[in-house]
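In structure tokens below, several structures.
Across the two complexes that follow, chain A remains constant while its partner is chain B and subsequently chain C.
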Partner chain A sequence: MTEKKTSRARATRLNGKATAGEATLEEEAVVKPKRRARKTDSPTPKPRRTKAKAAQPEAPPAEEVIDPSLRQQLQKEIEDLIGRLRSLNPGYAPPPFSPQNLIDLLQENKDRIPPGLQFGILEKLKGTLGEDVFDVDTWKGMWFVLNSSLQYQADVVKRRMTGEYETDEWGMDREVIDAVLPFAQFLYKTYWRVEMRGLENIPDTGRALLVANHSGQLPFDGMMLATGVLLDHPVQRITRTLYATWFPTLPLISDLFVKCGQVLANEDNGIRLLEQEELVAVFPEGYKGVGKLFKDRYQLARFGRGGFVRMALKAKAPIIPVSIVGAEETYISIHKSNFMAKLTGFPYFPISPTFPLMGLLGLIPLPTKWYIDIGTPIPMDTHKANAANNMMLVSQLTDQVRNVVQEMVLERLSNRRSVFWG
Partner chain B sequence: MTDKRVVVVTGVGGYWGARVATQLSASHPDWQVLGLDENAPSDELAGVEFIQTSLHNPALVDFFKEEQVDTVCHVAFDESARATEATFDTNVMGTMKLLGTCAEAGVRKVVLKSSMMVYGAHPQNSAFLREDSPLQGNKAYGYIRDWVEIEAFGNGFRRQSPETIVTILRFAHIVGQKADTPMTRFLREEEAMVLLGFDPIMQIIHEEDVIGAIGHAAQHDVPGVFNVAAPGAMPLWRIMGLAGKLTAPILHVVAFAAVSFLGPRYAPIELNYLRYRCVGDLQKMRDELQFTPHYTAEEALREFASQYKSRRYMGEENARHQEETLLRDTMERRRRIREEQAAAAAPVKAKRRAAKTPRARRTRESVLNPTLAVVEESSND
Partner chain C sequence: MPAIGMPIYQDAEILYTCVRTTFERIEANTPEALKGLLTAKLTLRFKCSQPTAEITLHGKERTFQAFYGPTKLRPDLDVELSGDTLHEILMETLFITKAIGNGRVKVKGPIWKMSSLGDLIHAGKAYYPDVLKEQKVI
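Our next item is the complex of A and B:
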């Protein structure tokens, strides 16, 4: 232990690149965080650094001239130490750094240090606290990080202001998707803990039409489906969700929808997207589905007028049934108020135990457990060329797809034990 | 005299008429271009014979017969937002009279200049409006209303005299340094009003391409209605950014109330067009009209910005950078025009070249996003 201490002290004195690097190797778990803290996390380098020092107290500085032979000897010593450490614990990789781990480590080792030394460490800490503030490197690091992040932000703003960015002809903007993704990811991974199965049914390239059940008062299900495909599909495809005509009239939301690659639901748009080999998602239940009362949950509403089947037939795109379970319970709609719907201009106005009683707080969805199942594709290219005009066939196919989705939903429900834990 | 093809251009007293007339006479020395207007043009128009007459003149039929007019390019149009009796008289009544005259005098071809605004901006609009979409132009502004009526006349005329070739060109928002259109008025305003939270996709066309398209329609016989716009539809905020404007977003409720209270002169473009998408499908322009605009939307806007961008906001470095991009745009455009001319001259070479351009585009796009490339590719065809 003492040998280690002195060598560390010498290493810091020496200030040679190689030795410093090895010193960190040797005490990776403790020293590395300190260096990282200094470089990246400029606002809070002080406590971390001091704690790191508490674990490995420095020997008092010795003013001596160092000759090259001593340096070599030290290097050898350190290498020797590393070898011994490695042999003690082969295959050891330091755990990922987090402040909590560091504190835990200190807590564990606190009692091993004799009381006298503890006081000494405290004294040392007091001294080094100020040292950091006057250290030019700290300020340099802080300056560098701040500067580069500021410059990046300014650059983004400037680019957006001068129109130096690209959108496709539908208005999709990859930068906006990247900006929204963390929030969607939080909902997907942490809040609703979405489990997605059957992603292999979505082709890597080429057109396909996802047909899903709609639920949950607010169209979060579309968002989660698209997020899941973007995050977990091997090709990370962008899903073009078709949305209802009410949304374009809303400020900000309309803009956000378009920038995230979503498109107004109509047959022309759908066919055009499919012909551009896009992955399109539709929720044929529409308002009737999304605004379901809680007592009607998981009872699929009518699948529109079969527009999605005509789209698929005309574009010869396979229909992929998708069931989304868990979204129904995010809001508990007891009643639909026609009066309020007329007053606000909403397509429907749900009354839930929390909304509108608790105002905006009532809009926070419940953290249910979600399952998204992607079924096997139903090919559409076996039908005749003008099959889309055959109303009988279209309505038949519509019912068929609806039944498939309903069955998938019921199957998942029968396997589910808890709304919140799955 | 008789062997020359006689082309009549209306409204030569205005900017569009004058430009179209001079362009036609310059590019077709074998044509005789007659310019009609009530008021004499301010400058002498090279190669254009000016005839001072209004479109309401009853003797116009005899004049057309006498001169054996072959083609009429009707570009006389008053684009003022406020609907007055005078603008209605020139726009709608003038067109009606002219079409009647053409039918009576047996004119072979009529080219009408219209606007894509006739579709109207509505929340339920298809993303790409085809030419057969219903004309539901928002009726608040005089010029849009007039256009819708003119189009109705044009359609009626087509049915009544099927032997006449009628080409109606619906142009996207026109930008250019010299033209005075709703879009340029909008972009030149000190603070252009946009709606908070709305960023509709818009199409742009450069003024030179407008003149080029009218000339193209006058030269080739392509009956029908066509959307004409530069490739590259883009969001409004990006348009403003490229044109060097700062956006001043206003809550849409407030903006609509303000315009209805203060009158349309505070909003050169009707607010619905700043709210909802009104984008035309350009498939027919490419396939049937076979017209390719020389300016892309970005180039047109950058060129527009070079004059109107407020330099006081810009550092020296940015100004130089802007100049550089502008020259590069010009180089690129001239290269494209040369290629096109070469393609027209040698059809065999053309195919190879035509195949080359989209491929270059695809590689650039595919770096950004593979799915985008697919979109680009299929929309280019």
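Our next item is the complex of A and C:
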């Protein structure tokens, strides 16, 4: 009510000034009469609006409003009005507004504004009513939204620099995921145009273990699987991928992996995650899968020693087979250099037609079309409590899961017509 | 019809009934309007004055949920406004950015996420006036 009173008082005082002999806004502005009639809270607004229209029979047609001189005049009026408003309410907290400053701010920051925010601004503009565009409050609101959004972004950066952010017990940081997501989303939706099917097989809540084939020289397949589940699953679950022990030796990358919710691959970690009702993903082929040659594409390597099955049995989590098709052709590996692998400390060093011949440019993956199929869950709670110690059973289940994934891959390949168009 | 100068909602219960009925009709007839809120995984709290009321829109689960009255949910966005301002926004006679500009709406949190409410408010316009009439608010 206080705000309403202030607004009313402000309108009254502006009217008072106008009648005191100054040039009125109605005389100056092209579109002001409508707004003034609406803002004065008059019980009989219609006659006033009629009067305002009648007072300006020679009002310029709509197409003349976009005339540059009129635009400048309007800009000057808004700035004058802001000056008056500021003098009426000197205690106003948000930063000073002027149309010129707003335009400058937009121009300066257009590249820095994150896509989500850009979308927000566009949404706000979309919802703007015609007459609101000429209302100073609208532009003050836009100014406030933009400023506080940039301020919020700056605060996020500041908090991160000072270490004032929250992570879970594994080091996952939602803010980092939000920051990385636009890039992952671009790869998922635009670059590789990933089609994900069978998402209904992933439960909304509770533990589950995704077991997928691995390929593509660089582990983009894990990234796309997690992105797909996060973007397209109805409850947008976070996938906790178990990554190989070599990654922590890399600076920055390992930190990023941890912050994105990935966890070092070992049985204990996997069981703990599953017992915390998380959705865990593993790529049991490991380096043999991701670093396979182009001629061996889509021929699944051995699924390790069955560690993932023991994890699932101990945690009684269903195994969900996943096939990823399209990742194999992102890099065409024609040879593996053991010498270079030893020299660089990498687990494998692929030689492709473009890498290392073209240097870093050769690392750009090909824009193939990807398919990710989520298979039917294989329940693990039907086995006995000590089933994880039964090596025969573990081996059988490992082969069973591998065969299911291999079949899913082959089925998808049989339906695919083109590597790039699907 | 409330007298001039009187708030549109006489008490919190009427406000809750009107908003609840509107959201129920949106859910039943135009569920796609809720997608923005669900995609943004946003929990948003409206703290109303005149009458004092609290509505929390929870978009972090599979389905949209609205809570009427105080909850323990931690909102991403806190929106403070009067009952009349909420009414004007739902009627689409007040543009939300303009309301922020003139101080009738105060927002705490990542303010740009308010854009996810756009479709919801727009869809609500189709049902809200009828709900007001049914509840004899206007």
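Note that in this section the second predicted complex is superposed on the first by the 271 of 422 C-alpha atoms of A that agree within 3 Å, B and C clash if a C-alpha of one lies under 4 Å from a C-alpha of the other, contacts with A are read in each partner's own complex, and residues count from 1 in each chain.
By our rule, a residue touches a chain if its C-beta (ideal position, glycine included) is under 8 Å from a C-beta of that chain, and two chains touch if they have at least 3 such contacts.
What you are looking at is a predicted structure, and each value in this text was computed from that prediction instead of being measured.
**Q** So in the superposed three-chain picture, is A:Asp137 touching just chain B, just chain C, both, or none of them (first/second/both/neither)?
**A** second
**Q** Applying the document's definition of touch, where does A:Thr190 land relative to chain B and chain C: first, second, both, or neither?
**A** Neither partner.
**Q** Does the superposition put A:Ser254 against chain B (first), chain C (second), both, or neither?
**A** first
**Q** Counting only touches as set out at the top, which of chain B and chain C does A:Gln72 meet: first, second, both, neither?
**A** neither
**Q** On the A-aligned overlay, A:Asn403 touches which partner chain: chain B = first, chain C = second, or both, or neither?
**A** neither
**Q** Please work out whether A:Ser149 is in contact with chain B alone, chain C alone, both, or neither, and reply first, second, both or neither.
**A** In the superposed model, A:Ser149 contacts chain C only, not chain B.
**Q** Quick one: classify A:Asn338 as touching chain B (first), chain C (second), both or neither.
**A** Neither partner.
**Q** What does chain A use to touch chain B in their complex?
**A** 160-174, 237-238, 245-246, 248-255, 258-259, 263-264, 266, 268-269, 272, 275-278
**Q** Show which residues of chain C lie in contact with chain A when the two form their complex.
**A** 4, 41, 49-50, 61-62, 82, 84, 95-104, 107, 110-115, 118, 122
**Q** Which residues of chain B touch chain A in their complex?
**A** Residue list for chain B touching chain A: 123-128, 130, 195-199, 201, 232-235, 237-244, 246, 251-252, 276-277, 279, 301, 368-369, 371-372, 374-376, 378-379.
**Q** Give the list of chain A residues in touch with chain C in this complex.
**A** That would be residues 1, 3-4, 6-7, 43, 116-117, 119-121, 123-124, 126-129, 132, 135-145, 148-149, 152, 204, 234-236 of chain A.
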